[in-house]
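Next up, some structures in structure tokens.
Each of the next two complexes has subunit A plus one more chain, namely subunit B in the first and subunit C in the second.
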Partner chain A sequence: MTRFVLGRIGFYTLIAVLLAFFTIPLLWLAAAPFTSDPTYEVRVPDFTLDNFTAILEHPYALPSLLNSLVLAVGTALLVVLFAALAAYALSRVRLPGRDALLYALLLLSSIITGTAAMVPLFQLAVELNLIDSQLGLILILSGGLLPAAIFMLKDFMDSTPKSYEESARVFGASPLQIVRHVVVPLVRPGLATIAVWAVANVWGNFLMPYLLLSDVEKQPAAVIMYTLYTEGGQANLTLLSTFGLLYSVPVVLMYLFVSKKYGFRFHGGIKR
Partner chain B sequence: MAQATSPPEAPEVIDEARARRYSSDAAGLGRLRAGAFVAPALALIAVFLVFPALWVLYLGLTNYRLTGTAAAEPKLVGFDNFVKAVSDPAFWNSTWLTVQFVLGSAVIGQVVLGFTIAWLMRDRTGPLKRAVEGLVILAWILPSAVVSFLWVALLDRDGGTLQALLHLPGFAPLLDHPMLSIVVFNTWRGAAFSMMLYGAALGNVPPSHLESARLAGASGWQQLRDVVFPHIRGHILTNLLLISLWTFNDFTPFMLTAGGPDGQTEVLAVHVYKVALLGQELGYGAAVSTVILLINLVVAVFYLRLLRSKK
Partner chain C sequence: MAAIELRGLTKVYPGGVKALDSLDLAIPDGEFFALLGPSGCGKTTLLRTIAGLETATGGAVVIGDRDVTGVQPGARDIAMVFQDYALFPHMDVTDNIAYPLRIKKVGKADRQRKALEVGTRLGLDQLMDRRPGQLSGGQQQRVALARVMATQAKAFLFDEPLSNLDARLRLEARTFLKKLQRELGVTTVFVTHDQAEALAMADRMAVMEAGHIRQIGTPAEVFQRPANTFVAAFIGSTPMNLLDGTVRGDTLEVAGCKVPVPVSAEGLLVDGERIVYGVRPEYNTYSAEPAEGSLGGKVAIVENLGASHLVTLEVGDVLVQAVVPEGDEPELGVDGFATPRRDRALVYRDGELVSA
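And now, the complex of A and B:
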């Protein structure tokens, strides 16, 4: 009996410590944006909205969120479109060397990281005149995400029945029509997964825009956030906390949406 | 099939070939159009992923710099950059720091913390489980620029939250224990992945095995060692390889400490940035990048082998 009680006490103590460990760093983000004259220390907020007026007046804050959106949506669209076409063809047609290609793709996506490739990517961007180009950055980010996207989508495509495509073909539909009207509706959850994954990836990416965009008007929120806290002496905590919150909210909303709709868990794929 | 009984006649062969093509290619795509479908993706991958990787190999053999004469006419210098790296204490310092960072925050921190949470929450449902998992996942999904600053605020020397809680004047973790700071930070940041992976893995352990172990009088630790671990060994290895790879390539420590103070947190990812883009020695930076690529390659091949043997 005492052993059981001790076990319970131990369990809840451990849970309390874990909750504290994960909560304390986040408290500041929840409290400081609503506190007048926030400091590093977390205080009970007085629920002012002045900080939000201040961030609205900042010349680069809101535009940088828009830049993040442009980069994220642009990359997601490109990745979903190209990966869907490629994954469909690879799933349905035995192209010569297909398995080797898939293996190479999987290998590439894990070994060539921003860290390993930052020097040549920077140089490539200089040579192709893609420094300070959002389109260039979208292309570079897409190139990095595509191998994993193709791999994941091919799994989805493999598990859809082919009979619908066959009957559509009997009725004389062209391959592109089949892809648009038969395959896309079938793999929509897969496409949505890839889109969300790409958006989340780009939204949080710091290194690539930091390297390749020097024009402050084109920089996304990740870079602006970093420059806000390193630039010139005293960090402006009013702006930082409020901007951090605005920058985080879309990610949290997306997470809530995904976990409600699909359940945020591992199935298949990675677990094995 | 037909061939086995009698030599087939010509029309039959065509029919069979057509049938085979039909069944393997439901949409009637054909190889040519299939190639066209794959081409745009492969083109982007080739230009912005494969080419840079090959270029980094070449660049590592040159004395390329961002400015000056070596920028206009880079010369091949063979393995000089690698020799320079191997004899440079800064390179070894960074490598050693990276080892500490990966071992401390990924192999020990995230695995132990992630597994502990998954184990504690294994048969629970309801608000407590949702709250714990939600918070852990929140730390994982927030943008790195935001969480880095949250930790700067938490650990700040003058009036950070941790100092206010512990009442330790002059306590400056980011200055006095920078490596420990980024290790704890990254453990906090990445535990969610391990938690979810082990959560899924523990769901696969047959409850009857645990039940019989319990009836046989096995203690909690014995149950873990003799029933649970043998079932999830594959997951542990998968998890270790993936998080090591990610942590090894992680640039986030830069946002917390910028590699300082005095290079005490200059892990390889930050080291490349500093020598190549701040110090403008692209050739030498590329040589260090090549080393990173090779280490990634070893880990990735090991991981893929493992996946394949599982299938």
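And now, the complex of A and C:
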């Protein structure tokens, strides 16, 4: 009996420590922006808005959030469009070695945006005049996300019955009409998942924009965040905490909005 | 409206399954044609090949005067109802019915009016704003019918459209569908594995087995004179008695009894040859006393069919069934006699019907 009680106490202590480990940074993120002269400790805020004034005065902070938005939305649109078409084709056309192709793509994708390909990617971008261009970055990010997106969407499309499409086909619908009228509405939750996933991915991506965008005015928030230092080379906690909050709010809002609209869950599989 | 003609149609699936084997079939304009056969005999394949959803491996599909073998499904002027109806779950009833018109670029107002018109005709006018998920099976079936009616196609193809309905509703839908087809006069090919459905609805029917057509005819012909023992065993709510026998002069020796040669086989049999004698339970007259040309044995089973009973006699070591009117059913274990109607009994030689 004592052993059981002790075990329980130990268990809950462990849980509490773990919880604190993850909660304290979040608490800090919520409190520090509203505190004058924030430090690394979590304090009860004095609800000043001075930090926000400071960040508004920073020349690149707000524009960088807009840059992040452009990159994220642009990439998400490209990924959803191409992944939907490719996944549909792969799901419906019988090709020898189709599954092998998919797995190979999936493997390769982790290389494309991974560290290993950085130098060649950089050179490629220089050659194509896509260095310092948001379009170039969007293309490269899309390329990196597409294989996994195709893989996930194909799974989704495989699970929708073919007879809907066949029925539309007999009525004379063209392949593109079938995709627009029938397939897309049926897999809309899947498309939403992919879009959210792509946005979140781009939003948090530091390496690629850091590498390919040297113009400060084009850099996204993830990169600008890295430049928020005081003259003394110390992390500027006033700006960092405030900017961090502004940086995380859009993503949280997007999750809430999409999950309310489509009611799908992010944990586990993507199937309905 | 158009006739449908199949010439030497063959379909081999990747992997080598020969689902249709050089099939010939002509369905005249306006006919209600049923395709009947056991599971896996190729009915769906045949229908899908006519629709163009499967490409024929060999042979030709002709609709009207046009060879459509290589033509896309959408350009064949046909409409199809799938077994699961394939109503688009994200569209309401109006949009579902109007979908074929949307493809034909009919304006929104026009197609909604047309959808309501067709829907009203099928009693769907109160349901036009619902999604398929909010409809019962019978209502979904009517929406699927309304959708094909809206196409103005030259031929309708139905793949077991009634099999998702419960038994009661199926009877209603059967009558409804038949009446509707009469009124529209559109050539209709109807797939079913329910022989009663085929007999009840079709103008003509084909019985299929393993990619071949075993018999084509009107329901009456197929029921009364099955062309071979496969069809004989497949058609009828109570299967036909098929008994091995031998020709002995002008009588047949069947299960140790002597029965007269049926009218249909008169003068066509050779003394001493082995045949199969076929008679439907409905065409057997049951009696408690022996009669001329009767098959006698012990009553082994009595099954209630409602207004009649199905009596199974043990004649020697074979079973013979007869349908007995209500009230006349015998006790189990007593002696009973079944006398086949001479004008309805049939003789099969090597599995094929012997007839002039």
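Just so it is clear, the second predicted complex is superposed on the first by the 235 of 272 C-alpha atoms of A that agree within 3 Å, B and C clash if a C-alpha of one lies under 4 Å from a C-alpha of the other, contacts with A are read in each partner's own complex, and residues count from 1 in each chain.
Keep this in mind: a contact is a pair of C-beta atoms (placed from the backbone, for glycine too) under 8 Å apart; a residue touches a chain by one contact, two chains touch by 3 or more.
Given the structure is predicted, the values throughout are model-derived calculations rather than measurements.
Asks: Just checking: does A:Phe171 make contact with subunit B only, subunit C only, both, or neither of them? Give me first, second, both or neither.
Replies: So A:Phe171 only meets subunit C here.
Asks: Using the superposition described at the top, determine whether subunit B or subunit C touches more residues of subunit A.
Replies: Partner with more touched residues of subunit A: B.
Asks: Does the superposition put A:Phe21 against subunit B (first), subunit C (second), both, or neither?
Replies: first
Asks: In the overlay, answer first, second, both or neither for which of subunit B and subunit C A:Leu186 touches.
Replies: After superposing on A, A:Leu186 lies in contact with subunit C but is clear of subunit B.
Asks: So in the superposed three-chain picture, is A:Arg3 touching just subunit B, just subunit C, both, or none of them (first/second/both/neither)?
Replies: Neither partner.
Asks: For A:Phe82, select first, second, both or neither according to whether it touches subunit B, subunit C, the two together, or no partner.
Replies: first
Asks: Can you give me the overlap between the subunit B contact set and the subunit C contact set on subunit A?
Replies: 94, 163, 166, 168-169, 182
Asks: Which bits of subunit C are touching subunit A when the two form their complex?
Replies: Contacts found on subunit C: 14, 51-53, 72-75, 78-80, 82, 84, 86, 88-90, 99-100, 102-104, 151.
Asks: Could you please specify the touching residues of subunit B with respect to subunit A in the complex?
Replies: 22, 24-31, 33-35, 37-38, 40-42, 44-45, 47-53, 55-56, 59, 116-117, 120, 128, 131-132, 135-139, 141-154, 156, 158-162, 164-165, 188, 196-197, 199-201, 234-235, 238, 245, 249-252, 255, 258, 268-269, 272-273, 276-277, 282, 285-286, 289, 292-293, 296-297, 299-301, 303-304, 307, 310-311
Asks: Which subunit A residues qualify as touching subunit B in the complex?
Replies: 11, 14-15, 18-19, 21-29, 32, 39-42, 78, 82-83, 85-86, 88-90, 92-95, 103, 105-108, 110-124, 139-140, 142-144, 146-147, 150, 162-163, 165-166, 168-169, 175, 178-179, 182-183, 200, 203-204, 206-207, 211, 221-223, 225-226, 229-230, 237, 240, 244, 247-248, 251-252, 255, 264-267, 270-272
Asks: Where on subunit A does subunit C make contact in their complex?
Replies: My answer: residues 94, 161, 163-164, 166-174, 177, 181-182, 185-186.
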